[in-house]
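Listed next: structures, encoded as structure tokens.
Next come two complexes built around subunit A: one with subunit B, the other with subunit C.
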Partner chain A sequence: MRQGFFRRNATMLVVLGLIAVLGVIGWTTMGQQPFVRTTLSGLTIGALYFMVASGLTLIFGLMDVLNFAHGTMFMLGAYLGWQFYTNPTFLFGLFPLIFALLAGLVTSPILRSTFMSLKVSEKSQKSIQTVVALAGIALIVLAVRGLDILGLAKTAMVATMNMGNPLAEASAQEPLAIFWFRPVLMFIAGLLLATASARPGDRTQVVYASDKRQAWIISSSLLVLTVIATLLRESAPNAVLMWNGNLRFFAALAVGALCGAGLSAAVEVSLIRPLYVRPLYQVIVTLGLAYVLREIIQVLWDPLAYQMTRPPMFSQPGKAENILAWFSGQNLTVDVLGVTFPSYRLFIIVLGILMVIGLGVLMNYTRLGMIIRAGVQDRTMVEALGINVRKVFTIVFMLGAGLAALGGIGAAPFIPVQPNMGDAFQLQAFIVVVIGGMGSYSGAAIGALLLGLARAFGDYLALKFSLSPAIAEASTVIIMAIVLLVRPAGLFGKKE
Partner chain B sequence: MAEAKLDLKTAPGRFKSAAQSLRSEWLGLAFILLLVLFPFLFGWFTGTSVQDGPSKFWQGQLITFFIMAVYAMSYDLLIGYTGILSFGHAAFFGGGAYAMGLFLTHAGPKIIGSYKITIGSADITEVLVLIAAILLVVIVVSLLGLLFSVVSARIKGVYFAMISLAMADAIHILSKATDFGKWTGADEGLHGVPVPLWINPTQHRLLFYFVALAFCVIMYLIARRLVDSPTGRVFVALRENESRVRMIGYNPVTYRTLAFVIAAVIAGLAGALFSLWNMGATPTMTSAVTTINALIMTILGGIGTLIGPILGAGLMQIVGQFFYQWFGARWPLVFGLIFIALVLFLPYGVIGTYRLKRLEWKHGWQRLWGLVTSKP
Partner chain C sequence: MDNILEINGIHTYIGQFHILEGVSVIVRRNAITVMLGRNGAGKTTTLKSILGLTPPREGTVIYNGKEIQGRRAYDIANLGIGYVPEHRAIFRNLSVMENLKIAERKKGDLEGKSEFIFGLFPDLKRLYRLPGNHLSGGQQQMLAVARALVADNKLLLIDEPSEGLAPILIEQMMEAIRILSASTTVLLVEQNFVMASKLAEYYYILDDGRTVHEGKMADLVEDKELIHQFLGTALQKGGRA
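And now, the complex of A and B:
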């Protein structure tokens, strides 16, 4: 058993040992203060890397989809969280429409079973599908027409600029008497799109009773949400802004992650799923999606960089003597082993560690985690055992994007929120995934730790030799090259 | 083994006589002729001078189109023909641009200042400097291509896609690093590269137009020859089934390296010409956006064809110009949406779909024509 433990975790132990040895060398040569500071900033970056890389590695390991839009999810999460935190008018203004559309879309299994028995000749099936889908898209355009989305988007920008009173700028929205038709049209559009995806007349499909039941429940609850969101449209933003800043921040974390997850579920179903027959095009479509999402963000919020303010919990002036003192003082900085370190960054480290633990529990002790692990090992076998792998794919895609979006909001208070903020993280996450091995979340954790520390110490060394941090950034590629030369499948990857 | 090689060499479509190829390629020749005459026709129709005004503007658009067409074509040699999913193509393009720009900025003036090489009475120093720069570009870019292909020999598929992206990004970071700011201009990039006067794109736009056109045509012919050659057939075979290629007796690594170096050199030359045309090199040329543009052009026109990327580049450049007028600065959004729709519904691009459906459409037209004529 003891022998087995060492053999099984040999790589992990070797890597941790290597880090420890390097740490001791660093401690003795750099002195305590610089070493602690560099290590802590390395852990901060590593935590963010992990949030992006863990989703990426799971998605690739399970679905064989290389998601180039993952960094965009990080960026999107940052934007949505920033929106919610500074002025949620935009989000609340759009929620009714999105909920209505989704409520229509998820009825697909119900419609499938009803329209399956229609007598439609095989020739016209395809054209009916196209016509209905086009009608649905036209309805969406009609529903959104005239809605001042750009104006809604600008509200948060105004709020960031005059920090004193964000409520003053919460712009007026359309009255309910005019607005009501938009969610209704959206719902009908969703129904039409669901009809198109249900392929009326095609009797070769299978509809599970459980799917139908689920669709009923989800659709009706989404409809209720639509009604609530429509009614709360104007009052909710103000109410949220009246909340305590800390509560609003944690709500922003949740909202951003949920929005990211929801959006990526839509992406998986509409863009990735039809392309499983052409894997190359999956990669290409995610690239196109990243391109489009970035452009949309730039349309909404202009290609500028914004700074999200820190929640009050991490911004009281002064320095806490130790971490316990921070709990009462909620200061901007904390004294850690003689080093003054921003408390917010410590929070990011904690968030990262919580996520590693949470993901570990999910992967090792739940049924879903078991299915995911089995799917990474052998997808066909899992499918043969009667598990709906496609559904698991969607869940993993959501999970991954949700984690990335969460990382984005977490990063927003100390990294400028801008359209290309995800690119660097995505790239480093790729390197993390390659180092850690595809499909292994523990590999992603170790890889993120390695790369984060490497970045921080690289920056330190670059500064010492009066080079720019860019050199340190580029040198992470060298780490990747070394790991790949030793183990082409990554540290924890399955051997091919 | 020998038989298999013979098979590849006697592939159909080769050994055409001049008349035959003239007949089959008349559309392309007519298109080239149209492009040659374009500046004059445009000037004649609009009644403006060939040298300036709107004519000069559209010549500029077409120059960018020619260069981008070559760049997209080189990308398709990799992704479409050899089936290597590489996202580091901007490294070659930008590498070529930087090699050209750096040489002309830092070495060129010194050489011209201290040496004078003449043939008879003609001073050919500048020409020699330009040729030296082109040679340097070829060397630098082939080395880059070799670097990428060494990695691709060991790592396959999607892994390589990620690693190539990371490697290209390392080059992008270096290109905008402040450490080399003295030479490369860091974030700003190189500006005001001393391009030899006789080829200066602002003063001799028309000449530059013809140079770019000739470059595009020559590169197309080279690529065409390569693709039709036995080597090109091996490239396609590599895409379809690598283990079978190895069984037949070809070394996949050699051919992949060859494909990489050729694609890199073509892309690098395109980049070098682009840096002459812009009289500068900026970090954008090495960034991932440049790679994605190549991908979009290739997919738009049709992957696995040579005409496709050219057409895609044309659409992106010329249609993009109109999109810019209609939709403002955020026109790439429209382009991206079209791109996604294409990937979903027309995965073989414009040319690929045309080739797939050609016969179908032809029959359709014939039937329609038959209906029209048989019903007097």
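And now, the complex of A and C:
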């Protein structure tokens, strides 16, 4: 068995050994302080890469979906977390609208069975879809911005940081009787979009009774959520603002991750799921979604860059002598092996390590993990055993997006929060996935570690020898090229 | 009801190809039924159509008196239908234990069945902790059959269990199928005519996506002309085994 262990983990051991050898060389040639500092920043970047790449690789491995909207989830998480941490009023005004829209969207299977038998000529099918979809989008715009045009209400907003946003201003102070129109309009918009995606008149579609039942349940629970969110939209943010900063920060991590997961569940069910038979369309849908979400973010928050302040526990002035001292002092920086390093970045490293361990436990020791590993290889056979693979798909999609969103909030205190902040991470995450092998979670962990370190040491070398900083960016691509030459399927990829 | 499964004139498309053009098969409870026919006759597609992996567009599939066509594959499997696909589609990156464990429909399925499974395939007990890709072809085939036995299945769809096996392993596999058929109904697809004729009680012959002949195996063995007409190549292959 011992021998088997080494043979099975040969790649992992070789890569870790290489990193160790390079580390010893680095330590001796660079000197302790620069080496430790560079390694720590490499680990910070690597941790963030892992949070984006782990979801990407699972989604691709299990469902063959190249999710180009994954970096957007990272960005979205950052916005949501930052907004929740600084001032959640705007978010709580947004929740009822989103829940209402989703409640409408998920009715697609119900509408499909109703409308598919309509007698519509094939030509007009497409135009009906387009018109209905456009009407839905118009209603969304009306619900978010347009009520002012109808002269219903607009009063100034008392809360701080509203950034001159019509929705924030209106939703915070609108009388309930008027605010109700917004979620109702959103629900109708969702219904229209669902009608468009149900392709009225197309009889070749298959409707499963189980999908209809599920749609009823999800839609009605979302409607209940809409009502609750509408009623709480003023009292909830005030309560949150009373919490202390640390609690609010950890709540922001949770809220951002949950919102990211919830949103992508809706995306998977409404946009990705109908297209499993047409993989190329899925790529286009996720690409389009990335652009649309980014534009929505720009409309809601204006195309500016925001900076999230660090939570109090990482921002007390002064330096902690060691990590134990930080626990009592909660200082801004910590002394690690003679290097002064920001305590918040150490937190990110710890978060990354916890996530590697957590995902490892999930993948190797739970039934869900077993199903995911089996599904990466042969999802048809998993379904033939009596397992609802589609449900697993949705869960993995949620999990991946939740992790990416969590990474986004984690990064928000040291990366400007702006609409394109996810792009670089998505690109690097794709490289991580290719290096690690599509669908391999341990490959993503090793790949993220490699790329993070390569970036940090590349930056160090560029600075030291006054080379172009592009060297650091190129280094990741060079690593990918070398790995692909040696192992075309990636380090832990399937051999076929 | 003595028919556990009735397939009535199903038509199945894969992409735009019309693969099944009216297949009708009846599977009698507690007997082994075999589907014979040349390569590409539609045998595998028929199994997949029963399970909903390639849902039929026309016709009915009746299992225990209920129409099941148009339901999702996992839903159909959960009615108590086990599937052993061709080419030993085991999960190679999972251990033998996990390959069996994943087939559980409720906790404790595997514990309850492990004695029966190890009795049929003693090798699997020795290999229990190894990953699936360390198994030989014959061992993988046994694992694939064993996996279908973990849950409480009333009907097993077994696709070409003898394919690529050494003669001694074919003997072992036949013995295993014979034993398990005492407690489960089996619908078998088999190219090896010798094996099929020894195991099965009823046969159906498929040709070009249609059922062209059916009856009792005992009668077919006598009818050399019919065998030659529809199973020419299959017979030769079986003859060698």
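Just so we're on the same page, the second predicted complex is superposed on the first by the 371 of 496 C-alpha atoms of A that agree within 3 Å, B and C clash if a C-alpha of one lies under 4 Å from a C-alpha of the other, contacts with A are read in each partner's own complex, and residues count from 1 in each chain.
Just so it is clear, a contact is a pair of C-beta atoms (placed from the backbone, for glycine too) under 8 Å apart; a residue touches a chain by one contact, two chains touch by 3 or more.
Remember, predicted model here, so these are calculated numbers, not experimental data.
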### Message
Taking subunit A as the common reference, can subunit B and subunit C both be placed on it without clashing, or not? Answer clash or fit.
### Response
fit
### Task
Look at A:V389 in the shared chain and tell me whether it touches subunit B only, subunit C only, both, or neither; answer first, second, both or neither.
second
### Task
Considering only the touch criterion stated at the top, classify A:Y208 as touching first (subunit B), second (subunit C), both, or neither.
second
### Task
Have a look and say if subunit B or subunit C is in touch with more residues of subunit A.
B
### Message
If we overlay the two complexes on their shared chain A, which of subunit B and subunit C does A:F430 touch? Say first, second, both or neither.
### Response
first
### Task
Compute the least Cα distance separating subunit B from subunit C in the superposition and give it as a whole number of Å.
14
### Contact set on subunit B toward subunit A in their complex
85, 151, 154-155, 158-159, 161-163, 165-167, 169-170, 173-174, 176-179, 288, 292, 295-296, 299, 330, 332-333, 336-337, 339-340, 343-344, 347
## Note on the structure
Listed in rising order, subunit A residues that touch subunit B in their complex are 60, 64, 66, 271, 274-275, 278, 280-281, 283-285, 287-289, 291-292, 295-296, 298-299, 423, 427, 430-431, 433-434, 438, 467-468, 470-471, 473-474, 477, 480-481, 484-485, 488
### Message
Which residues of subunit A touch subunit C once you look at their complex with the stated criterion?
### Response
1, 4, 8, 206, 208-210, 367, 370-371, 373-374, 376-378, 380-389, 494
### Query
Considering the complex alone, what residue numbers of subunit C touch subunit A?
51, 53, 55, 70-75, 77-78, 83, 85, 89, 91-94, 98, 101-103, 105, 129-131, 147, 151
